[in-house]
Every structure is written in C-alpha cells, then in structure tokens.
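Notes follow once the structure below has been shown.
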Amino acid sequence: MPLAPLPAILIEPIVREALLEDLGRAGDLTTDAIVPLELKTKTVMAAREEGVVAGLDLAALAFRLIDPTIRFQPMIEDGAAVAPGARVAIVEGRARGVLTAERVALNFVGRMSGVASATAKLTAAVSHTKARIVCTRKTTPLLRAIEKYAVRAGGGSNHRFGLDDAVLIKDNHVAVAGSVAEAIRRARAHVGHLVKIEVEVDTLAELEETLGVGVDAVLLDDLKRGVAMIGHRAISEASGRVTSETARGIAETGVDLISVGWLTHSAPTLDLGLDAA
Amino acid sequence: MPLAPLPAILIEPIVREALLEDLGRAGDLTTDAIVPLELKTKTVMAAREEGVVAGLDLAALAFRLIDPTIRFQPMIEDGAAVAPGARVAIVEGRARGVLTAERVALNFVGRMSGVASATAKLTAAVSHTKARIVCTRKTTPLLRAIEKYAVRAGGGSNHRFGLDDAVLIKDNHVAVAGSVAEAIRRARAHVGHLVKIEVEVDTLAELEETLGVGVDAVLLDDLKRGVAMIGHRAISEASGRVTSETARGIAETGVDLISVGWLTHSAPTLDLGLDAA
Amino acid sequence: MPLAPLPAILIEPIVREALLEDLGRAGDLTTDAIVPLELKTKTVMAAREEGVVAGLDLAALAFRLIDPTIRFQPMIEDGAAVAPGARVAIVEGRARGVLTAERVALNFVGRMSGVASATAKLTAAVSHTKARIVCTRKTTPLLRAIEKYAVRAGGGSNHRFGLDDAVLIKDNHVAVAGSVAEAIRRARAHVGHLVKIEVEVDTLAELEETLGVGVDAVLLDDLKRGVAMIGHRAISEASGRVTSETARGIAETGVDLISVGWLTHSAPTLDLGLDAA
Amino acid sequence: MPLAPLPAILIEPIVREALLEDLGRAGDLTTDAIVPLELKTKTVMAAREEGVVAGLDLAALAFRLIDPTIRFQPMIEDGAAVAPGARVAIVEGRARGVLTAERVALNFVGRMSGVASATAKLTAAVSHTKARIVCTRKTTPLLRAIEKYAVRAGGGSNHRFGLDDAVLIKDNHVAVAGSVAEAIRRARAHVGHLVKIEVEVDTLAELEETLGVGVDAVLLDDLKRGVAMIGHRAISEASGRVTSETARGIAETGVDLISVGWLTHSAPTLDLGLDAA
Amino acid sequence: MPLAPLPAILIEPIVREALLEDLGRAGDLTTDAIVPLELKTKTVMAAREEGVVAGLDLAALAFRLIDPTIRFQPMIEDGAAVAPGARVAIVEGRARGVLTAERVALNFVGRMSGVASATAKLTAAVSHTKARIVCTRKTTPLLRAIEKYAVRAGGGSNHRFGLDDAVLIKDNHVAVAGSVAEAIRRARAHVGHLVKIEVEVDTLAELEETLGVGVDAVLLDDLKRGVAMIGHRAISEASGRVTSETARGIAETGVDLISVGWLTHSAPTLDLGLDAA
Amino acid sequence: MPLAPLPAILIEPIVREALLEDLGRAGDLTTDAIVPLELKTKTVMAAREEGVVAGLDLAALAFRLIDPTIRFQPMIEDGAAVAPGARVAIVEGRARGVLTAERVALNFVGRMSGVASATAKLTAAVSHTKARIVCTRKTTPLLRAIEKYAVRAGGGSNHRFGLDDAVLIKDNHVAVAGSVAEAIRRARAHVGHLVKIEVEVDTLAELEETLGVGVDAVLLDDLKRGVAMIGHRAISEASGRVTSETARGIAETGVDLISVGWLTHSAPTLDLGLDAA
C-alpha cells in the first residue's frame, strides 16, 4: 500500500487557521495594493536542497482556501526524494491568491518535508537491519497529526499518538506502583483489550521482571543484553539522541525500534521556494 | 521595560488545544491506571543544556488547565540564560496532573526556549554593533505569536506579524507594477497612515529609485554598498542563511537589521526535563 | 484503582455546548420572570429507579457553568448502585441557576447512568465467568468519550475509541484483500508497533488462517468451536444482540469479551429528578 | 407541506464533529492499510427491522465530508415507513470513503430513525383522536435539533426547543411566586408578545385559577376532569411514561397533546446496515 | 422583577472574541512598552451625555478576561438613567489591564447604552398609552442577544429572536400560499403548540380574513381602522420609521406594539469614557 | 487599484455565525411551513435611499451558505454611489433560501453601506484639501474588519486595526512615563522596525517635545498652530465629533487626517430591501 493521505477533514482546520494567522484582520496589504485582481500567473514550487517531500495536500489546500480557482498540480507524491532544483508542483491561477497563500503553503511543506527528510536519512542508515525508525510525543504543539504523517512519508513508523492510545510505563510510574510487575498489573486491569502496554526498563533485573509478567514492548537502556534477553517475547525499542552516525550501530544490536524525538521537534525545515514557471 | 508577558487570553486556546491533542478521547491511560488520585508529588523543571528559557507561562497554564490545584513556581523569568542543570521551575501538586501535563508543558518550553536560545546566540554575536536580529514570517503554522515572543525573549526583534501589518514589496510585486517606484506609489495609496513600507531591492539602481521615492525600510542584496547609499534615509535590512559565524561580518557593515528565517522554523528545541525534587 | 474521572478539560466543552443549546438566545425565560435573583434553594438529586449512577462530574459542571457559587455535593461516586429514592447529590445555592441548569444536568446523568446500569446488569450476569462486557463504536454522535466512560462506570470495558486506535478487519476488508492472511499482513505493515489487530472471522477455516498468521484478538461467529480453537493464542470476542438472558450462556463458552452495541445506542436513561431538600 | 429538511448549515457542524470523533488523530487505520486508494464500491443502506426512517441528509453529509465524490442516492424520504430489508439508499464511490464514513452515517440514521419510529407508533395509537404526540427537552445533549426533527419525521410535534422560546411554569416556580396567578402575571410582564405561556397544574383548584388568568396551554395531572374544565380556553397537555398501550386511553380523554420524554432519551435505535449492492 | 442579567455563559464568548479582535497577534504594544507591569490605577467609567446605561456585565467581563485581579465595581445597574458626568463604575487594579481592555469595554457599553437610551426615549413618549416599544430582527450581526437585552434595559420589549421562535407571515408568504387564510393554515399545521403566529396585513379585507381564521398578532398598515377592527381578537402591531415625535400619535391609536428597526441597527452609541478617579 | 475585496476566508465565519444566530435551533418556521421546496423566485436588492453601497460579498455569501444553487448577481460594485430605487443585485433561485437568508444579507449590506455612505459624505466635504477621513478602534465588537473595509469603500482610510499594529501614545501613557519623550523612547525600544508610532499631544510644548524626539504621526488638540508647527516632520491628525459641516473647516487647516469614531459606531444603516423582480 502506498502512503495513505491524511483525510481532508483533519487537515482543513489546520490550514485554515494558519491562513487566518497570516492574513490578520486586513489581509495581504502588499498584494492587494499592487497586483491587479485578475492578473494570472504560473509558478513552480521547487526544492532548493536534497530531501524527501511531504505536505503537498496542505499546500494545495492553502491555495484553494484562498482562491478555489487556483490549480495546484503536484509533480511528485509525498514521500518522494528530490534533488536541489526538483519541481515539486505547478501553481497556476490568479496572481493575488498565489502570492497571498505562498508563505503558508511553503511553511507547511518546508516543515513536513524537513521531518520526512530527517526520517528518511535515519531509515536509510538502518535499512540493512530489521530496525524501524519511530517518532515520539515530542511533537510541535497542534501539529502532531501532520508531523506523524511526515514521519511515515519519510519511511518511519509512529509511536503513540497521545496519552490515550497505548500504555507507556516510565520510571515514575514504576516508583509509584512499587514494582514494574505491579505497574503492569494495574495497567492491564485498567485498559481495554485493544490497548498495548510498553514498559521502560532501566536494569536487566527490571527487564526480567517485565518479561515474566509479559508486555507488548520494552524500551531498553542496556540495549545489547536487553535485546538478547527479550528474544521474541516482546518488541524492543531503543531511544535517545540518535543520529545518522549512531543509528547504524544501534540497529545492528537487533533492536526492533529506534525512537527519535528530534525528528519532530528539531528537524530543520527543507528549503523550498516558488519560482516563475 | 522588561519583556512583556503574552496576554493569557491569547495563549490559553493554544495550550488547551495542545492538551486535547495529547489526551485524545480517553486521557492518560497509564497514569490513570497506576497513580492514586490523591498522591502528591514535587518535581523540578530543569535545563539539560545551556540556553535561554522562554514559555514558562505556557507551561504553567498546561499544568493549571489539567489540575488547577497544581502549583507551578518559576525559578527564573523568560529570557534568562541557563546552564545545564539549572532549575527552571518547581511543579508541585497531585502527581496525576503533573504526569499528564508534563509532555505538553515541556514541548512548549522546549520549542520556545530553542527559538530564544538561537536568537540569543546571534544577538550576542552582533552586540558590538547596532544591528538587531529579527525573525520573519517563516514560523511554525499556528504558533506565530508565541514564536515571535520567544524571539523577543532571546533579545531579538520582530519583523511583520502577518500580511496585514506592514507592506513588504518583493521582486514579484515590482515585476507586476513595472517599477519599484510604481509599486511603492500603489502601496502608499492603498494603506493607512500607520502602515510602514519596506522594499526588497536587488540592484543599486533599484535602491536609488527606492530612496528617491522614499520608504521606511529596505531589504538589501548588495549589503556593503547598499548600507552606505542609504545612510539615514531608511532602515536597512540584511537577510539570508545567517549563522553565528556570518552574523558578525554582516552586522559590521552597519546594517540595522539581520532577519533570520531559521530562528523560528529550524532552531532545535532546548532540552529540558522534569525531575523529582 | 477506582474509576478514573474524565479530565475536566475534556468534558467542559460538551457541558458548555449542552447548556447553550438549552439557553438559546434569550436564556431561561420562566425562571428569569418568576424567581428573585438572590433567592436561595437546597435540592436533592435522587434516583427514581434502581441502577448504577454515572456522570456526576458533568452535572456538577452544568451547575457551576451557570452559577459558580452553586454547591454540588455528591452523596455517592460514579459507579455506585442506587435504589429508588437514593440521594445522589445535594445541590445548593441561588434558585435561578439551579432551575436553569437542572434539565441539562439531569439529561447527562440520566443518559450516562442508563448506560452504566445496562452495563452493570450484563456484567452481573457473567460475573461467574472470565468474560468482560465491552462497548462498540455504535455510540451517540459527539458523546463517545462520556458513553465509554459510563460503560467503565458500569463495570464494563472499552473496545476501540475510534478508527485510529486499533485495527479491526471485517469481512469487507477481507474481501478486498483477497484473504484474511493478506489483510492482516497489510495491516501489520501499515500500523505502528503499539496498535493491536483484531479480525472478524466467519468460518473456522478463516479462524485457522487467522491464528496461523497471528493477531491480537478475534471476533467470532461460531463461538463454541472458535473459543476452543483459539485457546491462548488470541483474545476471543463475541458480539450481537446480547441480553441479560443470553449473556450468561455466551460467557460460559469461555469467550473473553462480549461486545454489546446497544449499551451505548439504545440503553434507556435512568430516571432521576431534583427534589426540594 | 411535506417535512421540511433541516438547513445544511445547522447539521454540518454536527456531522463534521462526529466524523472527527471517530477519525481521531490518525484516521481509519484498517481501511487505509487494506483498501486501495481508487477501488470503487457500490453498497445499499438497508433497514434490518420495521420502522420509520429519518436522518438521510446527515448520512449523505457524512459520506460527502469524507469524500465529495461519493454519491449517496436516497431511495426513500425521511418519514417513510420501511419493512425489514427495505432499501433506504444507494452509496456508491471510492470504497475507502464509504468504509470510513459508514459507522458515523449509520449512527445518525439509526438514532434518528429510532426516535421517528417510536413517535410513529404512538402517533398511530392515537390517530383516531385529535391528540398529537409531542417531545420534551429531555433530549440527548448536543443533538436536540436533530432529535426534534426526527419526532416530526415520525408524525409528532415539538414542545419547547429550549428555555428561551416559551414559558413553562412548573410547581417550583409556583411555589416561589406564591400562587399560579402571580407566576403567570410575572411571566406575562417579562416576555415578548410572541412567547406563549404554559402552566403545569396539580389540582383542579390550580387549574381554575390558571384559566381565570388565562394561559396558552396547561399541563394536566387529573386528566379527565381537567380536559373537560378547560374546554376551548387553552391547549391541554398530558405527560408521563406513556406507552403505545396507554396512549390510546389518554388520547380518548380529549386531551390535545401527549408529551413523551422517552421518545428522545430512550427510544432504541433502528437497526440498519450497509450491504454490498 | 428587575431586569434579568444575561447568563455569563452567553456573553463570555462574545467578549472574548472582541478582545482577541483588538489584541491581534501581538497584544497592546503601547501599554506593554510604557506601563510597568505592577503599576496600579483607579479609574471611573463615566457618562459623557444623558441616557440609559446597559452592558455593564460585558464591561466587567472585558476587564476580568484581561486581568482577573482587576476590580470592576458598578455604581448603577443596567437600565438606570444617567446624566452627563454620572459615574457608572469604578475600575481598579493593574494599569496595564485597565488600559488594554478599556476600548472593548467602552465599545460594548456605548453600543448597548445607545440602544437602551433610544428605547427609553420612545418608551417615555408612549408611556401614557398601553403601547409597548419592540425591536425587530434588524440587529447587528452576531450581537442580537445583547442588543435585544439592551432594548429590555431601555424599557422595551422583544419581537422574535430569530426565524425559529415564532411565525411571521409577510406579503411574500401570502403571495405564495394564495391567501392569508391558507398561509395561516399551513403555518398552524407546521408548528408546535407553543409557537405564536403573527401576520402582516396590507388591507382591511386581508385583516378581516386573518381575524376570521384567528392569529396571535397582526402587523398593521392602516393602523387606525385596523386597531378598531381587531379589538381583543389579537395583539396589534405598528411598524415603520418611528421617531420620538411620531411614536405618540401611533400609540394613541390604541395599538399594542410599535416595532422599531432602527433601535438596534441605527441608534447612535452613548458616549462614555474612562477617567482617572 | 480598485477597492480590494475582503478574503472569503475572513468573512465566511462571520456570515455563517450570523445565519446561525437567525436560524436558531429550528430554522425558518414561516418559510418552511408555507413555501414549497422547489418554488423558484427572482428578486432585486434595491436601495431605498441615497448612499454608497458596501458588503455585497457578504450578502452573496449569506444566500450561498443557505442554498448554494441561489444566484446572486451584483449590479454594481462595493463603493458605488446609489440613488433611491437603484438596483444593487439580482437574487434568483429557490424561494425558500432567498426568504430565509434575506434578513441577514440585508443586515450586512445595510450596516456596511451605512458606514460607507457616512464616510463618503465626509470625504466629499474635504475633497478640496489633502485631508483624508479615517476611522478609529471604536468599531462594533466582532465586526471591525468589515467596518474598516466599509470605510475604505466610502473613500476613507483606516487607522489602527487593533492594539498590536501601531503604537498610539495617549495622555495616560505620558503620565505613566513622566514625559512624552520618555514614552516615545520606551515605545521605540519595545517595538519592531515596521511599527509606526503616533502620539496624542495636548499642548504646543508637548508637541515641540514630540517633534524633537521624532514620531510618525501626531494627534493634535490645538489644530491650527499644531499643523503649522509640524510641517513635514510628521503626519498630523485631528479627531473629535466631526460632522459634514465641521469637517471642511478642520480640513482647511492643512491637517493630514481627520479621524471620526462615529463612522463605525453610530452611522445609521442604509435602507435597502428585496423586491420581486
């Protein structure tokens, strides 16, 4: 299956809000003052550096919400790798709308492509192993759904989408419960049958206790020995400040997942621009 | 005047939305399962690396919106420089609320402190000149107001907040109008008396034409000769991919402003965490 | 752990919207016309029939949003069984606010207690087995979170909260994929590591194929033989128009879960009223 | 005049919210994983039991908001009686959208048809009299407008839509005012000339006092003697836990209206489903 | 009964939106730049001309939403007549919040007091008759509830609040129905028992037909003869561009209601200001 | 450049909200009862008095949001002067939608045309001078953007849109700062380079101090001597209760701007109506 697009009903409120944020109370003063109402233009959205593109549906929506007659024609699909100068989309229609929506469209594509590009680099670094790159809940406030999508566009996979779709037992929870086993027991009693449970373990003793009780996934500290001890009894996850350089070594331990917070909170945007066609 | 706080009425909808994004439909499964309702906790928000902090009001609000009885006591103010390990705030109250709001609070402070820290570094690099570091409209969608605030917290200044609070004439506008002078004339006829006009000029001829007509600010390409030609007739601005290394040289040309898009779209977050007190 | 309350930030928008729906543009004409502004009252919210109560936080919020000085004092907790006449809460304060918010408060508690009571009856019918009663996505539009909570208050457990927190492969999906095994394979490749997969199987052959590939849960048609075949390899679920009479027999097959759509879409409300104290 | 449809501008926010509630942050995982993007399908929405259908516009909107290219073709109109197996609508288009919107569409039509069907049964039971079946304010929070519409679709009529469109004086109001007459006097002085006044009376003495002052409608306790006493001086209303069995007798007293709370708060949904065409 | 205040839950969204409209993305630049954070102030809201005041709750809310520690102490109540210079309220607290909220608070009180003052003038002009001054649906978009309240504060009464709380049959409706009688018949068949019906009649023949069928109110063209013909059979209403001068004559015809569109769409604001205390 | 239209994305929420305000929970009872669903109509929106029209896009949107098949064909453009009886637009389509949206459409056009007409009158009165008529922040709450647009349609210009797009130093700010010069200094240090600064001065001494420091604009009390003293050093503004009669004299002092609060808060609406075509 190719990458599934985000439902329009989910992204429209975000794009609409972003446009209103930029238009303020008076709209695009510069363009309204200078550009005739019916003047047409044809422009190309192009990459200025190498990377993986994501967010074209949001760009299309930004132009359409400003002027439904503007035609946004993608040249590639989300998830495609681009070289510097690559044409990403053709934008054609009334110049006013194109100029007014340009910045918001680029802000979305730049950020989402930045996340996708960073993910793709890490994914490539571990492609000779079974390890998958996953994102975390360290996302930009209000943009979680589109950043998680961008991670998928870059070939990565998603960890929890929120506090409510899986259990992740951390050290504070263990401390409150008294033991890992008791924490897991409470979680299992509390949640529905379709909710998975993952535990963060700090020591091999804790890991042993965890595996004894049984969980779906384990977030490991001592990676090497942890992975070996787990075997097929749970999904293993490594985390921390992973880079393209360190990812390879981590993946080669045999770990199933490498979670990377900076993919969503600190990946630099991909540079793109709009040029005359 | 110290840094003015953002009005609560402006930031509350953002923090509320971010919490709802994280809580989903079922809330914090893990904490609800494991942590007793009335258990109290005391934790410290601490910096894990050097930087400048911003966003403490948003963190306070995140905890308060989850549980109004939680006490968030800042140890420093937005704009303060911190060393690794520095205590940023004390968070005290029911453990459930503290754990549930923790990630959202940190996501805000991390991102805003990241922007402030990057701004502070550039500001320091040009502090021996009159140049000010300013941000652009290349902000994270939906977060413009708080990112612009973070730039101020880092000692920077703000460019336009949107398309509606100033005129910025770029090359496309000039192309449509036929000449810089005509573009400026149209803008002046269109806008109110409290709206400033800035022009992006590519050549010295264009600059001369611009200064002849008169504008408030000029975004320059050929910086050295441009700054000299302008003198006191307008505010001068430089832009582009400015780093701590290149900022100094740019500032020493005598330019008034250095605008930096990556401050808001690509500054890495500042690492902070919540530790047991 | 006792029943975890719903976060106030989740329920407030619902209660607020319900009050606005009832107040319309002109507010409570009758009460405003007749009841003096400062007249105080003390009333008792009481059950008029046997059942299990849920939704007291929403009732409290309804009164508080209309008049923050009204004191809503619960006599019991959500999940408690009540006899006819049982006092559920004391409501004390300005009579205007009490009368204005009364209907909305009762509408919430009545509906949620109706769901909880129906769940409790089914739960009691299967209490000698390991079977758990679970609800479905056949909930009242806009009220899913509070109806799922009411199911928990009645001693039941929750199935999926939406289309996004677990995979449930039904016959149409199997038809499209060509086989159960292929459908499961596609699902596994698509979703993150914390997403569980459940399959609806119509025949024992399909069940065998499903167990061969491995899934987290199975929704069964031929219950008896299905449960036996599954053993400990997956969670087993029965569904259909289950009543207190039929639930016992279904549970005694050894099935893990009995899902019941009518708990949320057709359970009659529990009758409660507000009486002078 | 046939049943007037609800304005699209009123129902769209409700349907949109219901879809977002089901899609969560990640959308329809199962369908996105398994069903190819362009696969087309043709399905039939069919009744599984006897009843009266309502809510087809909301179903149509659910599909359209997910995918505007889906064609929803109603076979009957709201208010039509159906037998088990009756075809209600054809749904045709991309399979993804059809599967994703199916549950929400059915949740709306099921609930609204449930209300309409219950109303139709009571209406039929009193059709040999002048009595009309009316609903109350005991509606599902946030769904009042569509439930009141469903009552009309079932042949019933609507009582107040909220606290602001008519005066209904109950015993608490009378107690505060000191007498029925004083309560009515205060109400009349307070409200505009287009607001009707109804009074709930417990005794014949109170009824006499009420008729002496004059009101638009009276909610009666002692039905038989009350109706006779009123004559043409006001509209008479009976209420309480009315069933198909008891409605006939009540109607034959000559009362004008029989109000029934459970129509909106406890009518079971009508069972409908989507089948391959 | 004194004037009933508007429920806070109804006015808060309006005041909040008005403040956000004024604060924009950056808040009160002037005050933030100049006024120290903790500086206190004490000011008086005073009338600058004669009139009737309304909207003090909205002013109080404007200050409270900006800074909950500001104390807004009304000196009079809504509906009170004021002379030029009269003190309306004391506003005390941090100067920043007072200055920031001042304009929005005054905009509300000015507009609502303008409506109340105009209403009071007309009401006084007809006080020797039984005629009441009523407003129409020609209100300022988004402000209907508060303008209708202001009319009540000025001693007037309210016509319909919207298209849904009463029937008003105009000439176009009559034209479509074929006759007044048929229009009334259709309306009666369509609406619930608590909905009143008013008809606009152009000729005495139409009036006779209307009274024959029976309605609740009649909007008259030929006032004198119309009022006489109606007697006690319906409420009579006059409309048109009524002024203080013409109102007296109209009222003396014995008409029950005089509806005045300009009260809400064209009444000039009452001049008020904030002065140092 | 002709008047730039307001972006649809800005006005749609306002028009939508206004329609919902009028429809309430039950929609247009009268029209639904009387007018057949498919009956077509053709009507003309016509001016009933002389003035300048504004707001046609909002009227068009009102009809379209109620029924997308209605065709609204403007006969003139916003900003055009009309005589009594002038045809403003043709409205054609299903009669139900036309009747239901009529009032809201007229409320918008009436109010906005009222503002435009008043502005045009003042503008004409000063057309022999360089003075421009500008509006203030004394706008109707929630309608600032469309009222400011209406001022432009009438030939006027806009002052600040809010507290955040320019600095306006008033006497209270000066009092806090200690001197005009200090207030200006603080403002300049606080705001970005694209924010203009205006000062309200009460005395010529203050004006001198202001001009010494340098600002963008000055709001004057002693107009004649002030304008002379300013020369070309700043934009000069007069304010106060300006009428068509007094505007001429004020303008002839040579002042640049005349700001008029009542344009937006007290201009009477322009009378328009919908007639059969």
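A, B, C, D, E and F label the chains in the order they appear, each numbered from 1.
As a convention for this text, contacts are C-beta pairs under 8 Å (C-beta built on N, C-alpha and C of every residue); 3 or more make two chains touch, one makes a residue touch a chain.
The shown structure was predicted, so the numbers you read here are calculated from the model rather than taken from an experiment.
Chains that touch both chain C and chain F are the following: A, B, D, E. Chains touching both chain D and chain F: A, B, C, E. Within the list D-F, D-E or C-F, A-F finds its counterpart interface, over half of the contact pairs alike by residue number, in D-F.
Look at the CA centroids: the one farthest from the centroid of chain E belongs to A. Mostly differing positions are employed by chain B and chain E in their mutual contact, as under half of the interface residue numbers are shared between these two copies.
Farthest from chain D in terms of Cα centroid separation is B. For this pair, chain A with chain B, the centres built from the Cα atoms lie 22 Å apart. Each chain gets a centre from the mean of its Cα atoms; for chain B and chain C, those two points are 44 Å apart. With centres set at the average Cα position, the gap from chain A to chain E is 51 Å.
Inter-chain spacing, taken between the CA centroids of chain B and chain F, is 32 Å.
Within chain C, contacts with two or more other chains are made by residues 1, 4, 21, 23-28, 32-34, 36, 100, 144, 158, 161-162, 164-166, 186, 189-190, 195. Because contacts link each chain to all the remaining chains, their graph is best described as complete.
Those residues of chain F whose C-beta lies close enough to touch chain C in the complex are 21, 24-25. By the touch criterion stated above, chain C contacts chain B in their complex at residues 1-2, 4-7, 9-10, 144-145, 148, 158, 161-162, 165. Considering their complex, residues 1, 4, 132, 134, 157-161, 164-166, 186, 189-190, 192-196, 198, 216-217, 235, 237, 256-257 of chain B touch chain F.
On the side of chain F, the complex with chain E involves touching residues 14-15, 17-18, 21-36, 39, 95, 99-100, 103-104, 106-108, 110-111, 114, 137-145, 161-170, 172-173, 176-177, 183, 186-187, 189-191, 195, 262, 265-266, 268-269, 276. By the touch rule above, chain D contacts chain A in their complex via residues 16, 19-20, 23-27, 32-34, 36-37, 65-66, 100.
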